[in-house]
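One chain, chain A, links the two complexes that follow: it is found with chain B in the first and with chain C in the second.
Presenting the complex of A and B:
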């Protein structure tokens, strides 16, 4: 009995390790490729060097691209959280005519293949005579990311007792005071995870940026174009850095969540 | 009756109030006066419209027709935050991200009372509802069910309302604690002199605490009266059955004026003269289990029935017998001293006097 349980535990951890290896080994491979001295990746790596990292950091072009990506991701995060917050309240909290239709329509963009969505948006922009740039890319990202963030915040809203807002009103709070004292503090965890998702989804998005960013490049777009023509180990170097930025955002988000939970549990 | 300056003035008045949601009639047209300083309980099964009635009084729903006035001023559209009323919700609706103290201080904070004065008042109210001062900084979600009740109560009192509404706040509390909290609530009512309007589906709760009880069924206010009136003079079969376990016998008018024939049990019965059934052809006789006697040899009563004992239950100080009379099961309650020591299957004669029974319409 005890032995059987130990064997199960061993198999479970073995399986978990295997899956983790499968998921993270390729990423590690990217990191290794960026650290190899040669221009082309070969395994095992013969000689290590930080040359390509240094050159990536020094590149003005890459600096601009990273700036673009950060700007787009930051704007998308801010705007999508604002839209999604009110959208989530309409989605999950208030009963109104047309709510069911809204619930379906708002989620629809998620189910479109992103290249199709990107192409459609590109055609739409050109029909309207709008020059595509990083700004149109922000719009395109929003079309896809706002629904995701809405869904994330809506989950938090579903776990929210509507009687709390009613009680606050009944105890003399104005609409604004209810929002500040009750609704926002209770929805913070959902808003934070929504913001985190928005940033990560925008930061890593390739298909929408490819179609709608016009002449402006973003990190994923640059990685792709260099893979097609003109590969250097700066591609895996920037790729690894981009992954590290995402990881840092995740870590920061997790820390903030922990702080929020600690404060509410005091 | 509670002591108050203006004892017989209504504080809240409902005239012709009706509430519909689409085609559904939640509350049928009703008139009701809530008196200054009274403890009024609205009782009814779930779906009887009692919560909707309360929500209209609190300003969370507007009536579809009719008027609600507060001390003579029409308040149909006045929002809850403007009314001098406060509700203790069924879920209590305590703010989970705030401490006990912050919860209690909430209405004061909304009014812009400085932090120091707020804390002083919160601690004072914690004393009133018997919460230890050390709970001030405690997370409300870490409080027990009874403690949360007290926090909710203190928070409502901090608003300093003229009328306090209660939407079944004790429904999820275990029996023993419930009894304690009922008594405390009644004491609090007397001490504060405020008007309490309480909603429950438990008649027992209503009987213990209220000055007056209103009984609701399917959106209608069937009867309003003191607990004694409701108990002794229920207006219909529903109210009488809602008041606890009773024996109900369907009867038809026989030849004589006070003479009735049983429909579901054989026999002829006399009823005390009563306005409610003066010209009715059919009626129900309601006999409470404690008014049914087991007739010994030679003993007599106005009415009698023959039956067979088939079950016996000990109810603490009393013993309940189930007696099968024809197709019907009658309940008889005797004190332990009167216990029958009878085996199931034994034949007994049950009797009651006309003045101990209540005649009601359906």
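Presenting the complex of A and C:
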């Protein structure tokens, strides 16, 4: 019996490893292409060079696009955490009449294809006479990302004991004090991972930005336009850089999470 | 919980200064907390959907929304000469195949995350979440570099003395592979949440009572993990129905999927009413499926039990 279990474990691990490898293979191919010399990619790589990375770094156009992407992601993070914090309380903390319906409503944008959502928003903005720009892209990102972040924070809220809030109230804390000194500290890990998700999902989002950012470009949007017409090795170079930024953000966020958890355990 | 919201309300009225204006009705704390999000969804989700609904009844190729009423767009979509049903069929076919393949691929991984990897689960999860944060066009383009002529596969095979790699780019099979690749996490994580609901003791008990591996899987694991599997299935199906980047980047537009048709109507042909009618049909299809499936789910149990 134990042997059978060990065999299952081995097979499952091998399979997981294989799929993980396939998951990262295209990302590695991109990195390889960005580091090869010459305008057109060929394998095996004949000569390596950092030329395309340098040119990508030096490009003023790309600098502006990166700034756009960072600005959008930062605003989306900030706003979505505020929306999702209260949303998660309504989702999991309070027992109220419309809760079941609310829970399902929150899921709907997640269960909706983003290209169609992006096009519907584009039409909606133009019906309202709003010029699309990076600001409308922020709004579009929020529609999709706030529900995701709400779910993430809600998972933390489920593990939270409402009696603690009540006790603080009974001991004379004001509504604001309860929020600041009981609710927020207890939900901090959930809020933090929600913020991390918001940043990363906005940073990498392509379909919503494509239709709702108007004349402004974000990193994924710019990459796509160059993939369709006018490939240069700056495409994989910027793609790899943007992957590295996401990895760094995830690492940093993970470290902060670890610290938060350690502090709340202490 | 119920008694709590009552006590909340009691303290609210008690702490209120006597002179404060009273609203005709008071929202419960839960409803008040839900308001900002509901507002966002009303303006950013419901309103755009109503806008495409309104546009879909405007005369074709016009912008006369709500000023004229016409069913011409729907008539055009349903006329036999229109090939849009072909795109619909492609999208549904891709989505079905994606779901089946993903269920098979993701199950062992979800099983591993729940029962095998132990303290490594967190790390493995991060490994599988991370690609979500890399724009899908970057990842799909990586596959182009892998499969393209003189790319990683073709080049390696040539270097080894073979005649070169297979030409798989710009085929429908490649589009399907791209969708399976892109949506793996959306199947994997709901499935893992579902499997986490299966008590380990129950599996051990079934084994002690003489059930075989297959029997345990069929009669314990899968039924108990069903809510998670259902969410994963629905999520990947719906996302694959709306997918367009795979067909554009890996398919080289050899197949036109339904979202691509909508995009063409909105952009190149500037026929917003027709594109809206198409988007309405897709929304109805997806919305019906989603609502039917969500009705059977208890989200509190799925998300709350950790």
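In this section, the second predicted complex is superposed on the first by the 249 of 266 C-alpha atoms of A that agree within 3 Å, B and C clash if a C-alpha of one lies under 4 Å from a C-alpha of the other, contacts with A are read in each partner's own complex, and residues count from 1 in each chain.
Throughout what follows, a contact is a pair of C-beta atoms (placed from the backbone, for glycine too) under 8 Å apart; a residue touches a chain by one contact, two chains touch by 3 or more.
Remember, it's a predicted structure, so these values are computed and weren't measured experimentally.
In the superposition on chain A, contact of A:117 is made with chain C only, not with chain B. Contact with chain C, but none with chain B, is seen for A:92 once the two complexes are overlaid on the shared chain. Residue contacts after overlaying the shared chain place A:235 against chain C, while chain B stays out of touching range. After overlaying the two complexes on the shared chain, residue contacts for A:148 are found with neither chain B nor chain C. In the superposition on chain A, contact is made by A:167 with chain B only, not with chain C. Contacts of A:195 after superposition: neither chain B nor chain C is touched. With both structures placed on the common chain, the touch criterion links A:186 to chain B but leaves chain C unconnected. Chain A is touched at more residues by one of its partners, and among chain B and chain C that partner is C.
After overlaying the two complexes on the shared chain, residue contacts for A:9 are found with chain C alone; chain B is out of touch.
Of the residues of chain A, those at positions 166, 169 touch chain B in one of the two structures and chain C in the other. Contacts from chain A toward chain C in the complex involve residues 1, 4, 8-9, 11-13, 15-16, 19-20, 22-30, 32-33, 41-44, 82-84, 86-87, 89-99, 102-117, 119-124, 127, 139-140, 142-143, 146-147, 150-151, 154-155, 158-159, 162, 166, 169, 175, 200-201, 203-207, 219-220, 223-224, 227-228, 235-236, 239, 242-243, 246-247, 250, 254. Those residues of chain A whose C-beta lies close enough to touch chain B in the complex are 161, 163-164, 166-174, 177, 181-182, 185-186, 264-266. The touching residues of chain C, when paired with chain A in their complex, are 1-2, 4-5, 7, 11, 15, 28-31, 33-38, 40-41, 44-45, 47-49, 51-52, 55, 65, 105, 108-109, 111-112, 116-117, 124, 126-128, 130-143, 145-146, 148, 150-152, 154-156, 159, 181, 184, 207, 213, 234-235, 238-239, 241-245, 248-249, 259, 262-263, 266, 272, 275-276, 279, 282-283, 286-287, 290-291, 294, 299-300, 303-304, 306. Against chain A, in their complex, chain B makes its touches with residues 58-60, 79-81, 85-87, 89-91, 93, 95-97, 99, 106-107, 109-111, 137, 139, 155-156, 159.
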